[in-house]
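What follows is a set of structures to go through.
After this come two complexes, each holding chain A, first together with chain B and then together with chain C.
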Partner chain A sequence: MSAASDSVAATLAIAFAIGCAFGWLLERAGLGSARVLVGQFYFANLTVFKVLFSALVTAMLGAFWLDRAGVLDLGAVYVPDTFAVPQAIGGLLFGGGLLLAGLCPGTSCVAAATGRGDGLAVMAGLLLGVLAFNVGFDWLEQVYASTPLGTLTLPDLLHLSTGLVVALVAGMAVAMFVAAERLMRSRQS
Partner chain B sequence: MTRHADPYLAGVGIGGVLLAAYALAGQGLGASGAFSTVAAALTAAVVGPAKAAALPALAPYLPDGLASPLRDWLVWELLGVAAGAFASAWSAGRLAWTAERGPRLTPGPRLAAALAGGVVMGIGAKFARGCTSGQALSGGALLSVGSWIFIVTAFAAAYACAPLARRLWL
Partner chain C sequence: MIGLHRTMALVALILGGAAAASDTGTGTVGARRLVADIAAERDWTTAVALAERIKAGERPSLFDLRGQDEFQRFHIPSAVPATLTGLLETRLPRSTFIVLYGDGVRAAQAWTLLRMRGYRDVFYLREGLYEWIARVHEPALPVDATPAERADFDRRAALSRYFGGQPRVDVPRAQMPAGYWTAGADLGHRPPVATALLVAAIRRRGC
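Right after this comes the complex of A and B.
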């Protein structure tokens, strides 16, 4: 094997290993179950919120401090470009679809891999949805490509330092964790 | 059957995995992108690789023609997700052939709703350029404005639709 194909194979092996850890943790938390996931939106089970935001805050704080310590070069990490209007439309469609599906794309794979037929149906639907989008792309492209804002972060937008925004997001998340625990306790009593 | 893990602990673990992805791959986690790659390759298999690669919706997903899914970072990551989830459910005694659904639903309508929901989410993820993994989690942790627009609008839409979908889940 050539050096180039060796490095491709190594990269894909890392992708598989990272995916294994991600899938293991999603299943452990119960997010392969559509009923656990949807409980979020009836205030019956806040696992989605707790897992998503504790993961987000951990990665945000880790990336911020590791970059400062010179361990991680955040400049080399891909930040998704912002397209304000299509991403708002996409979010609205996604949230509505999520209530029907009960699973998001990643957790549909968790559900399918653990024997849940609903997970497999969501995966088939996702594939059909992407194909439908591609078929209609000529017609949708104008909206899809509208409001391009490039790499735009909250500190840029708010004219605040990254450290302050990181602290604000972390503080907001902790306040919402406390509120979530109180809500669940009041529901049980 | 083992109980589910503490959600905060699992979340911190996923945050650590995401950090490892940033450091080792220069990108975050994802899921919907793998579906885009598979859809593009399926289309290329039907209409021919040259014709598919000339379509602006498909070209970004076909850097290696028909072999693209075999060399795609997100496809391998998602295969890993399935393997890790299977191992976790197996060791916890949670593997089961079933369709998870609300108490008032039979499997048929549940699978139809799951399929329809998948279609809508698939279109939404295309507009948003990612899903819960790639946009909300991975982009949100990097404070991307578009990722936070996605988080807020997706949660708002799900809460707004919840009262309409009670029959499905409660």
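Right after this comes the complex of A and C.
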């Protein structure tokens, strides 16, 4: 086996392991249940916000400090381009689907793995959507590539240092966790 | 559980505060990658390679970093004038193939700027417009050319005609344009006056 295919195999193995760990954590956090996910939209259950924002802050702090320690080169980490209109349309479509189905792509896999029928149905819809997108890509391509804004990052947009943005996001996250806890307590009492 | 959550929140705040304290400037992340690219000479391309990619159908974003007057006199086909300030605001897909050229060190400065902004496929011409004219627009064949030089000239003459240039043959060896591509030549930047003289000669011929 060549070095290149070794590298691809190792990457896929790591991706598989991370995927399994992610799925397990989602399930343990209760995000395999559509009721928990939809509760977010009615401010009845803020588990989604707390779990995913915790993951975001952990990844952000980890990436920043690993870069500082010389273990990770953040400059080599891929940041997707921003395409304003197509991504806004995609976001609305995604949000609408999440509200209707009660599951997003990751949690639908978790739900299906735990034997829930709604998870299987959402996964089937997801695969059909992927198929339809690819079949209709020639027709969609013009919209898909419209309004390119390049690579947007918060430090660039705000003209702040990366470290200061990290601090602001971490502070904002902690403030929102506290607010979420208070909201939940006031609803329960 | 509450105690664990409080501890985690405290750790996040401490790490976040330390991040702000340790990073007082913008754009420092990824500096090691830039240095590695420069050391491996992944920061520049040749005028011939650029011409071949354009001829093959690629459409690079080509930025001319000289002044407006110089740009109006002559520029590489499809290039647009640009300044460092303008490049700071440029919005292009991250995967765009970008080539920069100018006089002096401006193109290398622009390369650093764009790489720090996350553009990956960015290169500059080491000897700017001079290199384009000497190597692509007006390739020269020395009067005592070797077979290898003749073959290389034929390839570049085809490019020259594609871009509306004018190959020159039977050029005295002493008048052959020198640059990093010639053995024993100094690798310093071609002085702007040499570029200006070449452009003036092209304009006199009505190109």
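Brief remarks on what is shown
Here, the second predicted complex is superposed on the first by the 181 of 189 C-alpha atoms of A that agree within 3 Å, B and C clash if a C-alpha of one lies under 4 Å from a C-alpha of the other, contacts with A are read in each partner's own complex, and residues count from 1 in each chain.
Here is the rule we use: a residue touches a chain if its C-beta (ideal position, glycine included) is under 8 Å from a C-beta of that chain, and two chains touch if they have at least 3 such contacts.
Since the model is a prediction, treat every value here as computed from it, not as a measurement.
Annotation: superposed three-chain arrangement on chain A; chain B versus chain C shows no clash, the two fitting side by side. Applying the stated contact rule after C-alpha superposition, one finds that A:57 touches each of chain B and chain C. Once the two complexes are overlaid on the shared chain, A:65 sits against chain C while remaining clear of chain B. In the superposition on chain A, A:81 makes contact with both chain B and chain C.
By the touch criterion stated above, A:177 is placed in contact with chain B and with chain C alike. In the superposition on chain A, A:155 makes contact with both chain B and chain C. Legend: residue contacts after superposition of the two complexes on their common chain; A:169 is shown touching both chain B and chain C. In the superposition on chain A, the chain among chain B and chain C reaching more residues of chain A is B. The gap separating chain B from chain C at its narrowest, counted between C-alpha atoms of the superposed chains, is 7 angstrom. Put simply, chain A uses residues 54, 57, 74, 76, 79-81, 149, 151, 153, 155-156, 162, 166, 169, 177 to touch chain B in one complex and chain C in the other. Put simply, chain A touches chain B in their complex at residues 8, 11-30, 32-36, 38, 40-42, 46-47, 50-60, 62-63, 66, 71-72, 74, 76-84, 86-119, 121-134, 137, 140-141, 143-144, 149, 151-157, 162, 165-166, 169, 177. Here chain A touches chain C in the complex through residues 54, 57, 61, 64-65, 67-68, 70, 73-76, 79-81, 148-151, 153, 155-156, 159-164, 166-171, 173-174, 177-178, going by the rule given at the top.
By the touch criterion given at the top, residues 5, 8-9, 12-13, 15-17, 19-34, 90-95, 117-119 of chain C touch chain A in their complex.
Those residues of chain B that touch chain A in the shared complex are 4-5, 7-8, 10-32, 35-36, 38-40, 42-43, 55-58, 71, 73-74, 76-89, 92, 94-102, 107, 110-162, 164-166, 168-170.
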